[in-house]
Each structure stands twice: as C-alpha cells, then as structure tokens.
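Structure incoming, see below.
Should a chain be cited, it is by its letter among A, B, C and D, assigned in written order, with residues numbered from 1 in that chain.
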Amino acid sequence: ETVRIALVAKALGIGFFEAANKGAEEAAAELGDVEIIYTGPTDTTAEGQIEVINSLIAQRVDAIAVSANDTDALVPTLKRAMDRGITVISWDSGVAPEGRAMHLNPSSAPLIGNTIIKLAADHLPDGGQVAVLSATTTSTNQNIWIEEMTKVMGDYPGIEVVATVYGDDLADKSYREAQGLMQSHPDLKAIIAPTSVGIVAAAQAVTDAGKVGEVNVTGLGLPSEMAGHVKSGASESFAIWNPIDLGYSATMIAHALATEAATAEPGATIPIGRMGEVTLDENGEAAMADPFTYDAGNIDEFSSVF
Amino acid sequence: MQPDPASRDGAVLSLRGIVKTFPGVRALDGVRLDLFPGQVTALIGENGAGKSTIVKVLTGIHQPDEGQILVAGQPVRFPTAQAAGAAGVTAIHQETVLFDEMTVAENIFIGHAPRTRWGLIDRRAMRDRAAEILRGIGSDLDPATRLRDLGIASKHLVAIARALSVDARVVIMDEPTAALSHKEIAELYELVETLKAQGKAILFISHKFDEIFRIADRWTVFRDGAFVGEGAMGDVTEGQLVQMMVGRSVDQIYPKRPARIGPPVLTVAGYCHPTEYEDITFTLHQGEILGFYGLVGAGRSEVMQALFGISQPAKGACRIAGDVRVIRSTAQAVQAGIVYVPEDRGRQGAVKGLPIFQNVTLPSLARTSRGGFLRLAEEFALAREYTQRLDLRAASLDQDIGLLSGGNQQKVVIAKWLATQPRIIILDEPTKGIDIGSKAAVHDFMSELAAQGLAVIMVSSEIPEVLGMSDRIIVMREGRIAGEFAGAAMTPENLIRAAVGIERTAA
Amino acid sequence: MSHSPQPGRRIPDRLTSPAARALKSWEALLAVVAVTIFLLNAWASPYFLDPWNLSDATFNFTEKAMIAFAMALLIVSGEIDLSVGAIVALASTAMGVAMGMGAPTPVLVAVGLATGLACGAFNGVLVARFGLPSIVVTIGTMSLFRGISYIVLGDRAFTGYPASFAWFGQGYVVWVITVELVIFAISAIVFAVLLHRTSFGRTVYAIGNNATAARFSGIRVDRVRFILFLLTGLMSGIAAVCLTSRLGSTRPSIAAGFELEVVTIVVLGGVSILGGSGTIPGVVLAAFVLGLVTFGLGLLNVPGIVMSIMVGLLLIGVIAVPRLISKLRT
Amino acid sequence: MSILKSREVVLGGVIVLLLAAIASRFPGFVAPANLARVFTDTSPLILLALGQMAVILTKCIDLSVAANLALCGMVAALMDGMGVPMPVILATVVVMGAGLGAINGALVWGLGIPSIVVTLGTMTIYRGSIFLLTEGAWINAHQMSDAFKAVPRQVIGGLPVMAWIAVAAIAGVAVLMTRTPLGRAFYAVGGNPHAAVYTGISVGRTQFAAFVLAGALAGLTGYLWVARYAVAYVDIAGGFELDVVAACVIGGIAIAGGAGTVAGAVMGALFLGIIKNALPVVGISPFWQMAISGAAILAAIAFNARRQGPGRIILKRAEVRT
C-alpha cells in the first residue's frame, strides 16, 4: 500500500521549500510506493498552516512533515493528527515537543549561531559594528540561532551587535529595515541576515546605498538568489545547508516512523538513506548536517542547483 | 379626448403619448404636452400626478418607455442630461441638485465650463460669466463662495443661474418658489417675464394657484399620470382647474373649526442659540393651533428642532404640562408627548427602504412590541388605522415608502406621529409641495386634532394657510420673535411687516 | 375619529406572502449554492462525508462567523468595523498577560470578553459620540489595537494556557459537535432573534436606511450604534477566546486578515454593504458555503490562494450574476 | 476655501514638526540626501494614494490596488525574463494596470455592485492570479536584467527616476483634478451623485474613469516596486491597500467622497512614509510602528472632523462675529 507523506512548507513558492520538495521526491523515488503531497499556506501564517493540516488529517495521510510558522500554535492541531494515527515530524522550523514525534534540524542551532557571526567576523579583522536583520518576530529557528549567536559573542572580541531588526520575510520591509540600519549606524560593517529573503533584500539595499565594500551582507541564503550579490561584492560569503538534502532526510525519517521501521525516542538512531543517519537528543531533536559556506570561489557551481 | 395631433403649430417642444413605468407604478400613461415660444405653460396636478417625471423625461434623466419627443416638429431622443441641454432644454428641478463642496461658479458651469486654448477649464472666464448671470437675476452672490456656506434660498438662486447658463429655448421650473422667500419670489416672477420676452418657452410647475394665475399663459392638467386637458389661462377658473386635478370639487380649503382653548401645555422661556436664534419665549395651549410665520430661513425650523431634542439650546428652559424639563434627545421628546413632522420629508421624515407599516410604527415600537419582541399583527393594525384616516394611496402596507409620491409620503410621516398619541404636535411646513386634495386632508386633520385637545404648532410660509388655520400667530425674523398676533390683528399686512422688518413696507 | 370625510380605501397588508417572498430570496439562492457545493464535494473526495472530517472543517469558519453575526448588524445599520481581527489579537494578548499573572480559566475568559467590549466601546465612542466615519475609525483602530499587541508581545509569544482553557477551542460537547460549533449556533440564534424579532432589530434597519429620519423618529441612533460596536467587540472577544484556546498560544499576528474574511461572509450572506438590508440566516448560509468551499478544495490539496480566487469569484459572481441576468432581460 | 486650505497647511505644519522632532534626535535624517531617500521610498505610496484619491472622491474605494500592483509587477518581471524590451514592459504594465482597474470599474458601473465588494473580490482574484502565473515561484534579482532594475534607480538631478515619476504624477493628477472636466466630475459625482446625473455627468462612467486611473498608477508602481526591490513574488505589497487608504484619510480626503486635494493626499502619504522611515532611525522599537500609525490616523480624522466650519448662521450678530 502506498505511504502518503505530506511535506508542509511555511508557504508555497519559496525557493528553499521548492528545493526541499525536490529532495522529498527523490526520497520517494528511492523508497518506492511513497506519494509526496507537497503543500502549505500561501502566506507564512499559523492559521493558514492549520487549515492545510486539517485537510491533511481529513485525507488520512500517513505522515505529516511540517516546517512550522509558529512553534506553539500548531500543537493542538498536530496533536489531533497524532491522535488519529498520523505520524508527525517537524523539520527546518520546529514545533514544541508535544506536537510532534521528532524534529529534524537542518544543522545544530549552536553551529548555525556560531557560523553566522563567524561569517561576519572573518571579514572584520579589526572588529566593528554588525547588525542582525531577522525574519518575523515569531520565526522559531531565527530566534534560536540569534540566541545561540549571542551566547558565543565572547569568542569574537571587537564585534559589536548594535541592533536586531525584523524584515518579516518581506522583501520591501527587509529592504527598508536594512536601509534604516545603515542610516542609524553609519559605522556599520556588516549585516547578518539569517533568512533567505532578508539577505537578498539587504544586499540590494547595500548596493543601492553605494556601500558595497563598506557593509558586508552575510547570513543564510540560497546560492541561486545570492549569486549576483556575491559577484558584485555586496556579500563576501554566506552559508546554508542543502534544502534538497533536508527534504530528502525529512521524508526518509517520516517514512521510517510511519512504517514503524523506527521509533522516535531519545537516543534512537534513524537511517536517512544517502545522508547517513541521525541521532535524537533528549528533546527528540536531531541535526542533519553542518552548514556549508559559499563565496565567489564556489557559488557558480551551486547557483544552478538550488 | 381628442386624438393627438402630430405637433401643434408653433410649438418648440411637444410630447406625444409618453409612457413611463416604475416598478409597480405607471407614472406617465400616454401624456402629451406642448410648449410655445414666449409663453408660460403651467403644469398642474395632484401629488404623484407625474409632473416631475415628465420633467425628468424632458431633461434626459429618465427614458420614456413609449412615446415621442418632438423638437420643432422633429422627433428626437435625449439619452442623457447633456443631450437635452444641447437641444436647448434646461430645468430647475424640484429638489435642489447642486454640489456643496464646489463654488457657486463651478456649480453653475459644471458640465459646460469655458475652456482655455489648452482644453483646460478657464477658471477666470467661468467666474466672470457666473457673476454676470447672477447679476442678471438680481443676486450679488460671490461666484467664489463655496456652496455649502449658503442658505437654502441662495442655493435655489444658484440652481436658477445654472439653468440660465446654457442658451436654452425651453426653461422648465419645477416648483421653483417652494423654497424662496417673498422678495425672491417677486424677483423670480420678473425673471420669468424677461425670459418670456426673450421668446423662451417656459414650463412652470406649481401647486400655488395665485402664482399660476399671475404668470402663466396656458395650462395643462395631469391626473394619475394621464393627460386631462389643456387650454389658455384666460378661459378657466380656479375651481375648474381643481375639479380637473382631483376629479371632484374641493370647496373648503381651510376647514378651521373652533376649538376650546385649554390651559398652557408648553411654555418656552428664553431659548437662545449662539448662531441660530435668540430669546424665544412663548406659550402653547391645549386645543390651540399656533402658527409660526416667517420668511424661509427665519430660523423657525431650528427652534422647533430644539424643542424636539434634535439640538439643544444654549440657554433657556421649557415647561411641559407644568414640569420643567430639558429635552436632550428626540426619544425624550416623544416620551414627553412632543412630536415633530419635519420639513425635509425625504431626509428627515421618511425612512425609504422600509415598508409603510414599519415607518408608521417606528416611534411606537414600545407599544406594538412586548418585552422588546415585535408583534407584526399589532403593527399592521396600528398602521392601517392611521393611514386610512389620512386617506393614504398605496398598493399595500408592505410597500416601500420610497415608491410613494411626495404627498403620500408626507401622509405616512404624519400618520407615524399621530400613532404615538402625542400631546403636542409640531408640523413644519406640513403642506409644502402637497397637492390641494391632500392639503385639505391635512388641514382637516389638524383641526380635528386641535378639537380633540391636542396642542398644535404649525410652521408655514404660506400666508393664507397660517391665517386660515391658526388661532394665534407668532412671526419670526432672523432668529428672533418679531411679533405675535391674534384675533383681528391677524392680517396679511401685519404678518408681512413683522416678517420683513419694520423699516420695510409690506411687499 | 368620527369626522373623517371619507373612510379611506382599505389598503391590503401585503401583496406577496412571506413564504413566496422567502422562495425568491437571496437565502434560497444561497441554500441552493450550499447544497450544490456539498454534493460536489461528496462527489469529488472520498474523505468528505466523514463526520469527524466535517466537524474539523467547521473550524475553518466558526470563529469568523461568530464575528460575522455582529458585523452583519453593524453593516445593516450602515457602519462597518474593520478592526475585528485586531480586537481578537488584543483580547488574546490581554488573556496572555492575565495568564502570566496566574489567572485561572474563568478569569481568562472574562479578560478576553472585557477586552473585546472595551475595544468595541472605543470604536463606538469615536463613531457614535464623535460622529466620525466608521470605516476610517476602524482602519485606524485596526492598526492601534494590533499595534498595542506588538508593543506588549514584541517577538515573544504567550504559551502554556491552562489545560481547562483548551475546552473552548478544542473541546467536544457530544460526539463530533465541537464547543465552537455550539457557540456558533447559539450566537446565530441570538442574533437572528435580535435582528428579526425585536424592536431593537427594527431600529437597526431604520438607521441603516435613513439615520437622520430614524433620529427624527425618536430613536436613540447613537446609542444603537454604540451598542452595535459593543456587540461586535464582544463577539470578537468570544472569537478570541475560541481561537486562543484552539491555538493554545498568542502572537500579535493572530487573526490577521480576519476583518476582510468576516466582511466577505456578511456580504455573501446578502447583507447590503450600503446598509439597510440583510438577514442572519443569509449570513449563516454564507458561512457554510465558504466553509464547504475551502474544506472541499483543501481535500483536493488546492493551495489556499487558489481557494481565495474561488472565494473572490464566488463573492462577485453570486452578486453579479442575478444583476446581469436582470439586466439582460430588460 | 480658507478652511480647506488651512487643513493642508496644518498637515504640512505637522510634518515639519515631525521632521524637527526626529532631527533633534538624529540630525542626519533631515539631510537633503536622506529626505530625498525618504521621498523616493514613499513614492509608491504617493502614486497609489493619488489614484486612490480619485476613487475615494467618487464615493468608491479600491481595495485591489496592492494586488493589482503585485500582478503587474510580476508580469513585468516575467516579460523581462523573456527578453522583452523595457519600453514595451512599461507600456504593458500601465495598460494592464488600467485594464485591471477597468474590470473593477466595469463591475461598479455596469452592474452597480458596491466598490468595496467588487474590489474585495478582485483583490483576492488578482493576487491569486500571480500564483497561477508562477505557481508561487519567486523571481529574484539575479533573474532580472540590469536594464530592468536600473530604471527606477537612475539618478537624475539628485533624485532617482522613481521619485521623478512620483513628482510627475503629482503634477499630472493636480492638473487633472483642478483644471479638467473629468477632474471636476470626480468631485461632482462624489459630492452629490444625484445632482451629477441631473447635470449630465454619468456617475458610473466617472467612477469607471477613477478606477482606470487608479489601476494605471498601480500598474506602473508595480513595475517600479519590483524593479526597485529586485524581487517579485505573490505577496509583495501585501496589505499595502490599507496604507494607501490611510494616507488618503490622513490627507483629508473625505471618505464619503467629493472633498479632498492632491496636496492633502501627497502629504498624507509623506506623513506615513516619514514615520515608517524614521522609527528604525531614531531607535524606537519597530514594534511601536503599527500603534503609532494607527494613532496618527485617528488623530487625523478627529482633526478633520473638528475643522468642519459652522453650517448656516441665522442671527445677524453671529454672522458678524465669524
């Protein structure tokens, strides 16, 4: 019998999730007899995701793998899904433990937190002011990464985070926020945007302000979207994990749990095909892989992939 | 009835067999009309006879369902108001249809403003020509004034100026004097003479027989949307016209019956308002009809609305049946037994969109409902009782009041107030724009109410009406009481002298 | 009164019977649409005719429909409240603050309702007392109320509502009948009675058709308007309790875009946006129609935005087609 | 006249005070270069507010402008991807925007459906169409040609082309409103629709024209927006329609129609633009932004309502005093 796995994105149309869908389809092909239902709301709201999940419950899919718009708001709905025998995992952006069997982090949060500040610091040997341009105020993973980043600030003396602003994952708002940062902090040396929408908007704002070379934009972004800005010099380097791998892994895990080939409990190890395996920590979370850094040297190789 | 000739010789404009239906009403049923250059044709008919409808057909606002419009013998069509204007037909409509936010000059020229070489509106030329036209009708209004800063009478003058701003062959006036004061009416009559002398054809609609006989050359009568007759003014008497209008004879127009005047029910002491009125003091007795006369704009409506709780006086007190009260809302007024039949029926009187019976019961809902829940049977009973008494003409009580003619709407509004069984009823221009038959019904009813012990205040700008109906008359001028008359002192001369001020002799 | 010269002809009460009128009404049309969509759904998806699924589907509209009933009265009276989504957010935030101070469930509910009432009163005072146009007032308070939530919450969220609080948004009364569905049904009945069977409802219609004439008829127009805003605030407060309970958390972005969906339900329900006409049964039917459409398309995994195209087309289509037909006929 | 004039003067005064207050904390904000930047940033809001003003004047409202903007912007980006030359793209967005406005206008005019209902519907339809066109995919900077992105940024005489387009639109709409029959018809139709019919002005056709104007401006802005921010996706300018209406309201455009000026609309937009740009600069938490603009809207309408002059005056004494 076909195993139906729903891959729920934060919103449809975002390059990152489209790439993850490719990975999911790859996993499905590899597993055979798996149907991927790729879906999501059209804007990044919890209410929209709940409606989508409700209709997935109604269709009695076998597993739901969700990248959540809100850690807590999805919990009651996902609990109901689990009550009806559906396997629920979260990936990329997590939900609270009671709402899922396990959570697959693209990477470990401390690692990402360290990476984003390191990317900025590497190009600031003499230190200087940096600012963070985040997504929405409610984005779970951005908040955790920024928290982790704050914890390791001691390792980067001379680097000062002067502001954290929110672009709501909207291009125009992020653009305006980036402009505002450069206005209010004339000595700003770098903008760290741990979001694929924000990093592009910030790079554009820096270019338009004529500050290429003065202000370095870094953070997490997609190679295909950032290629131009790396070449123009607006961004020296940025990092990301491979979303295709992430979709692939999430599907593998969902399949394993749904077919009861594996159970989600602290310490359990779940195989994820070509990616190897993941081990669950005491919170039921697992990390897929390290983030990978892209710069002028390797960007062309990846910009056509995702 | 004689067969319709194609077009009368010499008529600039003729209508033949015009039919116009609205949902549920056949407003015009094959009527004809001829207008001749240099002559004033009076169009006469009861409320709802279709007079305003024919004006709208002539000015391109309504399209007739059947029939022909002939200009100089040639059939034409007026798909828009502009087309009618281009054919030389212009009108002063029954309602003032102007733009409050625009200046006088813009109001006069909207739709046909002079242009500059670039095709843009030439504002200076517009202002100059507006001033010229206004002077021509004896007004010194500044064309740059914003219309909303003007009084109703000045607005009417602007409407007249607008009608004259196009070079028209046919000028239509639909009850043009209804909102004008004595002096302005006299000026309007002069204007009509001038237009006549210029060879224009004039269609004059009015319910006032004195003015019809004064200025019209020909008459045409409609009844219930049908043509009844036409002829020269000299060949007809008022009685004959009335007979044709209503299809029966109406002998007594002011059926004032003597009533026993009782103790005072309302005493108003020193009502003042910063901009509208000052030192208004009077007493109203049970069983009395107290007339309030004045030129339009004298402030009578403002005072009455203050009594009814629409607005509050800055100073002053009123005593109703002995209790001193301040009336802060209309709801309190109704509770105290004061009701007000407003002057502006369309805006303040009728709730268009609601059926007749709901209009009638609106202020009496507390009585027709139980514990806040509606009882439809009671509502229908109440509505039926009062509308029948006023001889309402309607298809059913469930019909939207907006579909009735003006006069019938007024009857519903009066019925609404009578149904509350008030102690004091204020009627503000109760017969404005009402036909003679309905007028008689309203007057008759007023007298009957007084006879039953109600106290009635009647605001009116028509001298025969105040004189005919009132026991006592108060005259207002520019926001103050200018005189009080009773018994033998109630003469037209006295009223007019008080209304226009001592320094002027009677008009 | 003996004297009247003629007794006057008798005017019939009605020409068309209420039943005949109902058959030709908007509600009848909506009922046909609803049944059609129901059948289409049953035909298109094997999962549709499942009581639990249908029960889940009601969550798509119950909260919005509760607000829609009060909004319907408001729109009939010629006003509008675009701040309802923001009221939900502020009420939810207030409940979160109360929870932070350790308030038990009954207090939380009281705080939610009180906040809704307070917001409604604020709108009501601005509109009824100061005579400002409601559409712009509520565009302003929409930013203000939600803005206050943002100031209070910032990037945080309130979570950890007491378990008993979950009853409102996640509980069942019997079998598949959810608590929210029961609240929805009760408010439908209350508002239908209020609008159609009480003198208060009659004054709402009168005000919507001609507010000046209503005032000249001794109706306390401003008081009625104020009460309607209060009711809308109250229903938004109730919706906030349900939604917060259902989500189990509060963020300032909660209930974003509710106002337009609520207005859509009301308008689809046949309430004239210009005021003066409309019925509660129509609004109930419209809520079901919208719920059925979104749920049916959801079962086919149609993206939400495509559903919203359908809703947009439905909104314009249902209003345009009858007009088009009557236009073509003449 | 004097009352209406003073309303714009007061709003201008408020804007100057606002700038002064910001300058006291952050002098750099009032540097000419920064003011130019704020103006440029506010240009889309100004362009849409000008169109919305025409619509509101005629007693309508257009909630679909932001969706129209997004759809036209997406089409522009797609055309650019297909290598269509810039002049053709520009012509297309304007015509297409006007066409989308015309659909609104036609429904209002032809079928007499209230504008708020029509545009509530078309708003979701237009935005949904973007999804249908692209299946939700984004078009990013690297997928756009340099020429496409360059137009709004090109600086001429110290201001980017985007700002110049706004200036030109302000001038054009001002002439349209005060000096052409169509402009006066907008006021007439909103001021008294009944009377407009009696003066031979077609209410429906005038409203149609207002929607077309608003649509054309939205279409043009769509291109500018997408080119400036170098990204196109379904949700761009989401919720922007309310900012546009707010700008009009703050600028004193009467929501009941018939009253308001171009200067008012522009200043209303600038007021919001300055607040949006200044908050991050003066270091007020961005979480305050929403509440502040809400309060500003309320203050503006309360002020506008208060400014309504006394109606008619009967007492001669009172007449002399005023």
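Throughout what follows, contacts are C-beta pairs under 8 Å (C-beta built on N, C-alpha and C of every residue); 3 or more make two chains touch, one makes a residue touch a chain.
Here's who's who by UniProt: B = Sugar ABC transporter ATP-binding protein; C = Autoinducer 2 import system permease protein LsrD; D = Autoinducer 2 import system permease protein LsrC.
Everything quoted here is computed from the prediction, not taken from an experiment.
Farthest from chain C, judged by the mean position of CA atoms in each chain, is B. For the pair chain A and chain B, the distance between mean C-alpha positions equals 73 Å.
Chain B and chain C have Cα centroids separated by 42 Å. Distance between chain C and chain D, defined via averaged C-alpha coordinates, is recorded as 30 Å.
A straight line joining the Cα centres of chain A and chain D is 36 Å long. Among the residues of chain D, those touching two or more other chains are numbered 131, 136, 234, 287. Multi-chain contact residues of chain B, defined as those touching 2 or more other chains: none present. For chain C, the set of residues that touch two or more other chains comprises 154-155, 252, 303, 305, 308.
Those chain pairs judged to touch are A-C, A-D, B-C, B-D, C-D.
Of all residues in chain C, only 1, 3-16, 197-203, 205-206, 208-210, 212-220, 276-277 touch chain B in the complex they form. On the chain A side of its complex with chain D, the touching residues are 11-15, 18, 42-43, 137, 165-166, 170-172, 175-177, 179-181, 183-184, 186, 200-201, 203-204, 208, 224-229, 303.
Across the complex, chain C meets chain A through its residues 45, 47-48, 50, 52-53, 56-57, 59-60, 154-157, 159, 166, 169-170, 246-249, 251-256, 294-295, 298-299, 301, 303-305, 308.
By the touch criterion given at the top, residues 1, 175, 178-181, 184-185, 187-188, 191-192, 194-202, 258-259, 309-319, 322 of chain D touch chain B in their complex.
Taken in their complex, chain D has these residues touching chain C: 61, 63, 107, 110-114, 116-118, 120-125, 127-129, 131-132, 136, 234, 242, 245-246, 249, 255-256, 285, 287-295, 297-298, 301-302, 305.
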